[in-house]
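One chain, chain A, links the two complexes that follow: it is found with chain B in the first and with chain C in the second.
So, the complex of A and B:
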């Protein structure tokens, strides 16, 4: 194979088949994918399912703490997990620009393979398109995932109830700031790494061992502030959160001050919000803190009746301010 | 909303939500999509499933006989149908270039909505990304579909057997030539239209009323020749087809001669190959010809033992030639 991606690799012909065999099957192969039929055969899915899709356009392809390949696995696995499901199967569609470095592609596919293995999902079907130079920027990846819902009823943004506790699984803003700092060539005292990781291990534990989770949601694009607004709007509730209880890495805080950004609006790729009855909050926190994906978990606020769809931040100085949804684009191509 | 797509529309914030509400939910909304959770809740999927994914990069977005929106529905619906399944649910991920015309986007989403309704599938989850001007060419769409497999065993390229008849559902090369002629501004006596259409109605009828279909496959990229080679290779069989039995529109034949192209290597988006026992061929043909998607169906050849993975074309003049797989890229961005 050439050391650059050629248009031929997307033709559906012999060159495409070589790419599929020598690269995709090598790293992602398994009983379903190896069949090379038009669709994957999935034998063992019964009961209610969760399905989610995401196209990843992150720039640059490699960033501190991850790359577009592992991110594309984690992102969709997490979205499926947020519905109270065990993610099981992924489709994976590559959109490649002619001339992309083959070594970069191989590193990314290998990274996807490791990420998929680590979170227990199989890539069962795929697609590759190559577009001429200039028609895309290097590489985009779509992953779509399905999983079996194990929570009954399934968590939903609409199920937040008065009195519920609002928990987050860790620090806010790491992914957004890591990518931005890397793009701009900024360096801080210590490296800020993306928090890109799979959350399904911990969310499934919470469902099985704590139960009755009303809402799971991962605060990706738009950050914690936007996601809380979505939940408030879906459920028709008001949410109050305490600024000083929201964990933010010192370096992220410093970087945000320097760049004029707010960590509550920065994307996260390995954190989730969990909303459940106050009586279960302690047990949930304990379980979260005992898991690598939830070490810095915190109870940050409560749901209450009040102004429908409003999120209020109680500041460190004791004041209150409206925490609004992100209006426009703070940072393009963050995921 | 602006009359052009803005970066803000992909932010995950307020502008994204307006786009989702005013455009995507307007046309594609339904019980699952309207929930606006991270993943779709699918209640009624049991038993073995088929899953398939495809990213559509076709240029131009609108072409004679279709557009990227309906194509993105048909393409994935057809791939799911090829596994002997009833397609049921689609995810849909838009990748938009900043500055894309909003009216074009609306027309495409409306076209997807009609196509989905016509083939009985629901869009249950989605994603929208906007990348800065120049990072993508106008618009790409990924659709991923799941369906319930109703054939037992499921058809597969590996199941072609000696003595099986090889049927195709209609004329070859229409999609490829229509797009190419449109791109180059060529005009022929009559317009050549893409054959983009859903095939699941007819394939499900074949399974239910004829049964025992060994292989379904839609000859998209790489055309009939490449797809037959895939089947020969998966099953370890030899396939013999008769050139004069392969239906090709007169205008497509003329256009191909003019442009130096071979219709057997051109993409189709509304045709399928069906391979089944010779004894069922007449019944299958009759059923196919009575359906709008199979009016020009023909028995074009047979499967036999012989040289593993080889496809032989018996020419109109009585000679034999090896029908090889497409080597490189004949026509970029055809689907």
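So, the complex of A and C:
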């Protein structure tokens, strides 16, 4: 094969078949994908199902702590998991720019394969398109995931109730700052790594061993602040969080302070919010902290009646302020 | 290592802050209004919750110390015109959303194909010019004394290297002349000023002396942590009580009394003070910086002569009064209605450090 992606590879002809066989089947192959039929044949999924789709575009393709491939697997697996489901199958569509480095593509597909194996999902169907140079930025990946819901009732952003405890699974802002810093060529004393990882292992444990989770939600784009606002608004509740209980890596805090950014608005790709009755909070925290995906888990606040859809931050000094939703992109400031 | 928000240093220590707050409560026997000049202070006061912790008879208003907010409509019109001419612009990020004539902004011009690169320092902008010798790169020079020296140093490097495709559209502004304009306002209602920490690291203490000597206005150079701000408020209250009005440097860990002579020298070598228009405040003599004759080859105003048509300000916008502390943001009829961070009308809603934006974002 050529060392660059050619338009031929998306033609559907021999060149496409070679790419599928030598690359995609090599790394992602399995009983369903290997059949090379027009659709995936799935016979073992019954009961309530969760399905989610997401398209991934990130610059740079490789960043500290991950790459677009692992991100595309984790992102969709996590979205399925947030509905209280056990993710099982993924579809995967690649949109490639002509001229993309084949080695980069191979590294990304390999990384997807590892990520899928680690979170116990299989890629069962896929698609590849190649567009002329300039029509896309290197590569976009779409993944769709499906899984069986094991929680009854399923968690939902609209189920937060007065008195519920608000838990987060770890530090905030790592992914957003890692990507931004890498993109801008900024370096800090210690490397900040993206937190991109699968969360389904831990969320399934929580459902099975603690139960009665009202809300799972991963604070990706828009960060913790935006996600909490979504939940408050969907549930018609007010949420109060304590600034001093929100874990943030020191390097992330310092980097944000330098760039004029707020870690509570930065994206996370391996963290989730869990809202459940206060009586279950301690058990849930203990379980989370014993799992690699929840080592720094913390109880950060509570749900209450009050002003519907509002999130209040109690500051370290004991004052209060609104924790509003992110408006647009966060932009570094002048001074 | 995991830290919890806001415990990085002793200037955020809640215990120390509570002590000072207690003293402020004891001192604040009569109503007192202070103005923070710097947008970073505005955000810190809201963000830390200080606003909700001060006794009721202490109120604060946010002054004109956000460089984005005070960039004048005519200046915005000028750089949008440059972007539409197809020149490569390099800018600090927070200028991207500033609305200009007809609701246009750099963001919308960019969506239409305008070439705009967000940079973190003027040197990045110069690098952009060096990397693209066939392009004309214009850096949008917005900011106070904090930013101007770095731009000046960049221009010196550009001249030494004989760069021909790098330009600066200087819209820099100077803080002391604006403070003088505020102090001269007859209907100004301010009992004391928190002076900007970053600007003071460059200019030092002396340029503020006139505030105390000519206008009887107490003022304290202040850092940006909660403890800095609370201490400075306490100093202002003390001055009011004992009647000894003076300028105090309460940010000695960063601000030398004489400022930064090297930075001042390079700034003066490249720039010359000129009259400037401020959004909300109007024309203020000697409050802007233009490139000196020796650097005129880099002057984007001269090289491109962008149009600075006069634009009609939106009727009803009361940013001018907000900037002078005459009204609070929510007393403006546009606030939260026509004017929001998503579609800002006035300067104070534009930047994240603007007083209306901070009020909108944080006020409970």
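Just so we're on the same page, the second predicted complex is superposed on the first by the 330 of 335 C-alpha atoms of A that agree within 3 Å, B and C clash if a C-alpha of one lies under 4 Å from a C-alpha of the other, contacts with A are read in each partner's own complex, and residues count from 1 in each chain.
Rule of thumb we're sticking to: a contact is a pair of C-beta atoms (placed from the backbone, for glycine too) under 8 Å apart; a residue touches a chain by one contact, two chains touch by 3 or more.
From a predicted model like this one, the values you see are computed outputs, not experimental measurements.
In the overlay built on the shared chain, the residue A:45 is in contact with chain B alone; chain C does not reach it.
By the touch criterion stated above, A:316 is placed in contact with chain C alone, chain B being left untouched. By the touch criterion defined above, A:161 lies against neither chain B nor chain C after alignment on the C-alpha atoms of chain A. By the document's definition of touching, of the two partners only chain C reaches A:253; chain B does not.
Judged by the touch definition given at the top, the superposed model places A:106 against neither chain B nor chain C. When chain B and chain C are set side by side, the one touching more residues of chain A is B. Using the contact criterion defined above for the overlaid structures, shared-chain residue A:244 touches chain C, although it does not reach chain B.
With the contact threshold set out at the top, residues 327-328, 332-333 of chain A are in contact with chain B in one structure and with chain C in the other.
Within the complex formed with chain A, the chain B residues making contact are 6-8, 10-17, 35-43, 45-55, 57, 59, 78-80, 82-83, 85, 89, 91-95, 124-127, 129-132, 134-137, 140, 142, 144-147, 149, 154, 156-158, 216-218, 220-222, 226, 230, 234, 267, 325-330, 332-333. Within the complex formed with chain C, the chain A residues making contact are 171, 184, 186, 243-250, 253-254, 259-260, 263, 296, 312-322, 324, 327-328, 331-335. Taken together, the chain C residues at the contact with chain A in this complex read 1-8, 12, 14, 17-18, 21, 40, 46-53, 67-68, 92-97, 118, 120, 142-144, 146-147, 198, 226, 341-342, 351-353, 360-364.
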